[in-house]
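In the two complexes that follow, chain A is the common piece, with chain B as its partner first and chain C second.
Moving on, here comes the complex of A and B:
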């Protein structure tokens, strides 16, 4: 289970939801693993306002992982203009550019370009670190403990079990 | 036509096999009116554009619906930074679904959206209140006696020292996927009760599947009585017979109140 998931979870017991202590859940006896995934820069930039930064910092500390920065980074700190990679490629392959350029001029541009505002951004070290911590660092086994009622939800093979005895009846 | 995610690795002896109801979800969320609605609410051009929407599917089963949404986020939401989270009572479904979603978003031509996890839980009870932007639920909707939950913990894991499930266990797990109690509405009613507290207060929307025996018109009018602004409309149907829809999907949302 990814650390980012903890940003959205709370104790499954109804009476706990009113208590600020039920968030975040606290990992205990955690066995961590890294599951690599592709970095999605616009996601990282946009998710920042949804993160409970202080709470996530706490979880990261409890896990004994390198601290998150004290202050949440700005979206601008996650991307930097890309280096001159494109130019080099072009120089090496002139025929291809000519064709591409022609096509570009002829075909109408699609009206909505989802990523139009951040065309050539590359992830900064801050972005790489954040991605590694929130999306690649995963809880393989252990428990998640509610700070209010003390219930420990087990995590096995990466799947957290939030079922409570007698919950369904 | 967007392609259907592969569920070739899933064992349908104990996990719900995608069927007409599942496919109605795929068709409905990718239909022109729904992508227009969702794009308006969550797309790059909407006011909320900065914040990636959280999509939660309750009762993921094989994961076919969540994987479809995750893999086709740009077509459905007009953006690819969508967060996907699933839940199911059936732990075997949780594992199967996680793999279905992961496979679907890894396809080379995709712009990956972000898959969080599938957790083993009851409805959306472990998710933070008011955080869900899009809730999806294809519930156990058949009017049939509810399974006996008292053995859930035993049936939900492999028997000790064994590498396979028992026949009894498989029957129980499949019962979870269809048996909905009186009018097929017992599980759905529990979900409906939680929806106002789960959804994001302004932009939250839920898609819920109902069958004819669930008395969809009564369900919709009950939702409209939740309070000012609450709306419920049928946005997808299948199996039309003599003016009756066998299955339908309703959209539940809150209209912004003026002022």
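Moving on, here comes the complex of A and C:
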């Protein structure tokens, strides 16, 4: 389960949801793995404002991963205009290929974006790091513990299980 | 029709959850085409929207729009494992009456062909409420419309369908799922529905014969879904009938 998911999870017990202690859940005995995926810069920029940054930093610390910066990066810090110099043929080629995937056909109507997306933006190191952390770093095994009631939800083979035992329902 | 058993959680464990767990891979091989209304709903979401697919099954709706982020959940671990392949989304095992999401945060939620598996009116209402409670409330101050949910349930009125149910029929029914084994297939004529890789994969259980599983369904009458949405604190913004199913798009009722 990718770490980004933790940003949208809390305890399954209703009374816990009212308590700030129930978010985020705390990984315990975590086994991490990297599940590689393609970096999607606009996805990353869009998801950034949805992150509970302080809480995410806490989770990262608990997992013993390198600290996140104190201040959440701006969406603008994730992409840089690909250098107009011709040294970058590879990136340019990649771009021409990706624009023809069906991903683009999926949304034929143009979305109103606060700012026009530059077509040839490349990910910065910040973007690469965030992608690695949020979308590729995954919990393979361990538990997720509620800070309010202490209930531990098991994670096995990358799947977190939130089914509650009968006496808690 | 198993009428002697009391309905509720135990009943669903036996007549819904364990069946899906058992038929997961065969079921999944027959569920790959998204329904048009659901596809439209997901594709019209603004890029970067965050939401939930409650009862995501094999994850066929997770494949529709990679520009949003969806946390899919299902009771069946086997189905969740199949659904895990769709990037950039995430999937978890959870009960739709005990969802592990913060309340009132999601931009959208879908629950497609799920709530009709709950076996009492109270539990169905609770399931609708659980979906609505995921949504951002509308805020007149910021001029925001609030999160939107799409709920889809099987209709009682489907006299043109293979099942032939219609108005006035029993609404609580057991529906068979027939899984043919490889062995039986080689003896009998092949049937169209059974073609595909998943069937071939079942050669690992050469011994078993064709097996029938019964799943519980509550078939919704016209207007019943909209009524439940209203009573659960939602406001129906659009609703209709598509191919043997009733559907409704709802927001939370404005509280200001």
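Here is the rule we use: the second predicted complex is superposed on the first by the 133 of 169 C-alpha atoms of A that agree within 3 Å, B and C clash if a C-alpha of one lies under 4 Å from a C-alpha of the other, contacts with A are read in each partner's own complex, and residues count from 1 in each chain.
Convention: contacts are C-beta pairs under 8 Å (C-beta built on N, C-alpha and C of every residue); 3 or more make two chains touch, one makes a residue touch a chain.
Please read all numbers here as calculations on a predicted model, not as lab measurements.
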| item | value |
| --- | --- |
| Fit or clash - chain C, chain B, common chain A | clash |
| Partner chain(s) touched by A:50 [first = chain B, second = chain C, both, neither] | both |
| Touched partner set for A:165, first chain B, second chain C, both or neither | first |
| Chain B/chain C common contact set on chain A | 1-2, 4-5, 8-12, 14, 17, 23, 37-38, 40, 42-43, 46-47, 50, 112, 135, 153, 157-163, 169 |
| Residues on chain C engaged by chain A in the complex (per definition of touch) | 9, 43-44, 46-48, 50, 64-67, 69, 71, 73, 75, 77, 80-81, 84, 87-88, 90-95, 97-103, 105-106 |
| Complex contacts: residues of chain B adjacent to chain A | 44-45, 49-52, 54, 74, 78-81, 83, 85, 87, 89, 91, 94-95, 98, 112-114, 116-122, 125-129, 131, 149-150, 152-153, 156 |
| Complex contact set, residues of chain A against chain C | 1-2, 4-5, 8-14, 17, 23, 25, 37-38, 40, 42-43, 45-47, 50, 103, 106-107, 109, 111-113, 135, 153, 157-164, 169 |
| Contact set on chain A toward chain B in their complex | 1-2, 4-5, 8-12, 14, 17, 23, 37-38, 40, 42-43, 46-47, 49-50, 112, 114, 135, 153, 157-163, 165, 167-169 |
